[in-house]
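Scrolling down, you'll hit the structures one after another.
Next, two complexes with chain A in common: one pairs it with chain B, the other with chain C.
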Partner chain A sequence: MVLAFALYPGVYALLADSGLSTEVVAVLPRIETLVVVLFFGLFAMSFDFISGYTGYLSFGHAAFYGTGAYVVALGANGKLPALGPETPFMLLLVLAGVAAAVLALAIGSVSFRLSGVYFAMITLGFSQVLYVFVRDWDFVSSAPRDGVAVTGTLEGFRIGVPGVDGLNVAIGQLTGDSIEGLFGFINLSPTEVSFYAIGAVVLVCYLAMQRLVHSPFGRTLIAIRENEERARAIGYNTYAYKLGAFVASGFFAGIAGALFVGFRRSVTPENGFYFLVAGDALLVSIIGGFGTLAGPLYGELFDASVREFLSKEGGGGGLLPYLRANVGDATLATELYNGLTVAEAIDTFLNGHAALYVGLLFVLFVLYVPNGLLGTARDRMDGTLAKAVPRRVRRWFDG
Partner chain B sequence: MSSDAGPDSNSDASVDPSQDTGESAADQSSGDGPSSEERDEPLLSLSGVETYYGDSHVLEGVDLDVYEGEVVALMGRNGVGKTTTLRSVLQLTPPREGSVRYRGEELVGRDTHEVAARGLGWIPEDRRMFGQLTVEENVRVAVPDADDADAALELAFETFPDLRERREAKAGDLSGGQQQMLSIARGLVGDNDLLLVDEPSEGLAPLIVEAVAEALTEAASDTTMLLVEQNLPLALDVADRFYVLDHGTVVDEGDTDAVSAEGERLRRYLSA
Partner chain C sequence: MSAGVALASLASLAPAGPSIPLQFADALIEFLSPTTLVDVILRGIAEASLYVMIAAGLTLVFGLMGVLNFAHGSLTMLGAYLGGLVLVVAVAQSTGGVGRLLAFGVAVVVAFGALAALGGGIEVGLVRPIYDRPPLYQILLTFGVTLVLDELARIVVLFYGLQPTTVWQDVLGTKPVVLAESVGAAGVSVSGLELFQILFGVATVVGVHLFLTRTRYGLYVRAGGEDSEMLSALGVDVNRVFTVVFALGTGIAGAAGVLLAWDPSWGASVPLAAETLLPAFVVVIVGGLGTFRGTVVAALIVGLVDSSMTWWFQNFVDFTGLPEMVVFLVLVITLIVKPQGLYGVSEVGGH
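Take a look at the complex of A and B:
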């Protein structure tokens, strides 16, 4: 999957230059969309790390994402104590994770005294308190309800080894570096550079979470999810384990928020702290597979791709612009029913209704693919894809 | 001790003297082995334990002792509070009144993980698998100290060879008998000084019950055990002493040598 992500920009560019360019642009998600998939997928994975592996639904997880995002935005604007606008992004990234982890420790130490729906509600409550607070906090900007834009520096945030110019690249839609002539023939746009740089950070975070999941610590988290009472009776301090997982999860959610601002250079209370941000993480976790860690990234990829395909946006991409551009005028003017033409039907049923169809897909997923994309694939292939695919390929070659 | 617990303990005229001795429970408990008074301090001692589920008063003053090295069977009909007694010991359902002492230390008020860390193991009634973990992972997770995990795994597979063949299978995919084997194996590998075993033979085929009985007998040779069991022959075979619970209180106790599975003394408390 890492290889598929790594090759995607090149494959997309090749296909977009081919004879099928119109169809490819309509169907395949743009690189910019994949950047969002990466950082929001990381947030969804952090949500799955706590909710999928311990069974405790953290409905207030947006608090950590928002905290990470605001730490970077405020840090870059010189509004954090002892840190100037020139503070390296990598340091802000770590600070964002640590701040979110400390917040998770504070929220979790109270919330884990409860379980089930009460846990979900109290985390949601904390998150909403922070949302309301940030929305009205004049310190963050002159118009806190509109959020914070990075104005302290015009340069792009740099991902790499701090202090070593050759090992850093700037990210951002407008501020990112472009690379020409890499290995003599690879040219990367600022969005593609951002894709690889953010992807590298996401990969490191994913591997760290995966290491935790497959350690005795992770096994204990699953035991807690399966039967917390039994885990306690074995001798595990389940409160401490859950809190530890929550703090780790908060850390990675904070990193995701930091990457979000690193790329977008602004954040609002709505796309940082609002509870629907956690709702989106829940949605893509269910689509991708709850308790699979990587599944939410697949879920986010699926969700973002479908939204883009059905959206009127997309810089020429998506179904609606494709139909408008490629269906003949005579067909568009054809009356379907009671004066409703094909053109009007396309507008009525497609324009701005992506969320409706995604909602319907979500219902179908819950009903018919309850284990999600990755969970179902693992069930079918009897193991993780990393093990099952090579096994099947070997079997195929052996005849 | 509860020799005075039941007003009609052992006074029923229908007791068959050919099968039961007719001695009082207190007399019988002092029959073969040393009496409670002659022994050291009990490993586990419950005194006046009263436990509730909400407003429902389940244990109404349970007194019992378990001494180091012995197997004590806790018997009684469904719903008399046997499982609740074990849960009260583990503080899963903490008592509202009374005392639970382990090696002389009060357990009431402690968290369950602290109780378990003192060497109390639990083999629960409904198996309570970690269904999404494999057999091997279930055993490993039962040993909090990772250094002991390999030895624990070997012990589990030696005790129940069937599990070795299914070591990569998810526990949730095992048969009922295999799940019970795994549940017992998890209890046995935990390096516990006292095992609380709840209905290990419930719902199992006779062949599996034999394997379970063998494993428990083997474990009993070096582990103290408080065994809740309705399978009377199994309980009497494995246990040294017994307590009978009725309506949340101990109504009879004694040495298992002094009673038989067919005898009226136990049957009147255990028959529906």
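Take a look at the complex of A and C:
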């Protein structure tokens, strides 16, 4: 799967040049969208790490994402105490994670005295307090409602191994590095470089979370989800385990928020702290598979693809430009009903309204596929895909 | 921690005068003067009436079925648009005050009926199959319903050439002149709309209270809240009771929406869904999930806190988000100090 992500930009470029190019551009997401998939997927994974594994719905998870994002934005603008605007991004990244983890410790230590609906509500309350606070706090920028843009530095944020110049690349659509002639034949645009650099960070975070989930620590979390009273009766300090998981989850959510600002170079209260950001993470976690860790990434991939396909601008290809280019004007101008043409109907009911279809699908998933894409696939295959697929293939060959 | 940071910076946000404590004392004395206080309290009760209307349906549904309905805000929003549509169609320039109030009555009935039907449909079609799953899944399901309803509303509103994110101004124009004017007595002035809201809120509270205590269905609801299995063992068709209560809850949400459509500080718009959902949650949780008495008390508390914080923000603290932030702080602090809410029973809601 990692390989598939790594090869995607190349395949996309190849297909976009081929004979099917219009179809490919219309259906497949752009690389830029995939970068979003990576960092938001990481946020959704961190959400799944706490909610999917312990069963505690952290509805205020956006607080940690927003904290990570604001730490980087403020740090780069030189507004954090003791840190100048030239603080390296890798340091800010870790700081963002730590700040979010500290916040998670504070919120979690009071919230985990509650459970069920009340836990969801108190985390929601905390995140909304922070949302309103950040929205109206004029320290962050002169117009806090419009969010913060990185203005302290014009250079791209650099991701890489600290101290080794050759192993650092700048990310961002306009500010990123482009690489030419790697191994003699690979040329990468700034967006593609960002894709790989952010992908590397996300991969490291995923592997770390995956290690945690498969450790005895992760097993205990599942025990808490299945039957917390029994877990406590066996002698586990469930409060400490839940709090530990919450802090780890907050850390990775902070990293995701930091990557978000690293790539986009701006953040608003609405796309950082607002509770619907956590709602989006919830949505993609359910579609991808709750309690599967990797599932939310696929859920986000699916969600982002649908949104781009039905996007209003048609910037990365999508349905309407494709139809305009390939279907005759006469068809598009056909009246369906009372002066409503086909083009207008598509414009009215499809474009920019991906949320409707994703929402419908989400409801269907909750009703009929509660385990999500990856969860169901694992149930069918009887084990994780990495182990089950080779087993199947081997059985196939053995006859 | 977050609260501490917030308060610390609030202090720093206060206007930098010669001495802050002195200014604070001045403001406090002004705040406690009878006219200001009465003003703030009346405004608070008017807001509490709105909150109790938004939250009543939510608490009924939660009390009986244990479903926290995330789609409640969207249903309120739909009610605002439907009621607004009736008002815009029925009210002409020449319509007098009484005619407009009558049209409002029709709008409330239409919104109540349509939303009750929709709510009943949602309960039968979507929520009923998953009662036996963990409460998480009911939250997820209704959250999905919210997404769909909001987007549908956005499509329809755009189709008719309105902006979904801004308030539908035509509806505000149908308000009778009486409600826009202020009534003044002994230095205290209160707008007609606020009195109207208080009247409406009190009527709702009395209505729901009578429903719960004086009718057969109300008896079922109270009994079902304690033990729905026992209720069905006694020969009551619990499924039908669930459907009726869900429909009633969403119907009240619709009626509340119509009332909000006349209030210039809310108004009919698609974001109204999230704007009403969050305060409704605060009220229901602070009061204690599933107790109607708690909801009424909590609505009063939240309304009064909101209106007094609005006064403080306008007169002393230079921080726009103060009322909203303090309302959420009320939620957080209540949950820390009294996890079941004011009147909650500890078994409800997965404690």
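Just so we're on the same page, the second predicted complex is superposed on the first by the 397 of 399 C-alpha atoms of A that agree within 3 Å, B and C clash if a C-alpha of one lies under 4 Å from a C-alpha of the other, contacts with A are read in each partner's own complex, and residues count from 1 in each chain.
The rule is simple: a contact is a pair of C-beta atoms (placed from the backbone, for glycine too) under 8 Å apart; a residue touches a chain by one contact, two chains touch by 3 or more.
Just so it is clear, the structure is predicted and the values come from calculations on it, not from any experiment.
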{"item": "Combined model on chain A where chain B meets chain C, clash or fit", "value": "fit"}
{"item": "Contacts of A:232 with chain B and chain C, given as first, second, both or neither", "value": "first"}
{"item": "Chain B versus chain C as contact partner of A:355, first or second or both or neither", "value": "second"}
{"item": "Partner chain in contact with A:363 - chain B first, chain C second, else both or neither", "value": "second"}
{"item": "Partner chain(s) touched by A:136 [first = chain B, second = chain C, both, neither]", "value": "second"}
{"item": "Contacts of A:121 with chain B and chain C, given as first, second, both or neither", "value": "second"}
{"item": "Chain B versus chain C as contact partner of A:79, first or second or both or neither", "value": "neither"}
{"item": "More chain A residues in contact - chain B or chain C", "value": "C"}
{"item": "First (chain B), second (chain C), both or neither touched by A:57", "value": "second"}
{"item": "Closest approach of chain C to chain B (Cα atoms, Å)", "value": "8"}
{"item": "Touching both chain C and chain B, counted on chain A across the two superposed complexes", "value": "none"}
{"item": "Of chain A, residues touching chain C in the complex", "value": "55, 57, 102-103, 106-107, 110, 113-118, 120-122, 124-126, 128-130, 132-133, 135-137, 139, 275-276, 279, 282-283, 286, 348-349, 353, 355-356, 358-360, 362-363, 366-367, 370"}
{"item": "Residues on chain A engaged by chain B in the complex (per definition of touch)", "value": "216, 219-220, 222-223, 225-227, 229-238, 291"}
{"item": "Contact footprint of chain A on chain C as seen in their complex", "value": "1-3, 6, 9, 68, 126, 129-130, 133-137, 139-141, 143-148, 150-152, 154-155, 158-159, 274, 278, 281-282, 285, 289, 319-321, 324-325, 328-329, 331-332, 335-336, 339-340, 349-351"}
{"item": "Chain A-facing residues of chain B, complex", "value": "90, 92, 111-113, 116-117, 122, 124, 128-133, 137, 140-142, 144, 146, 186, 190"}
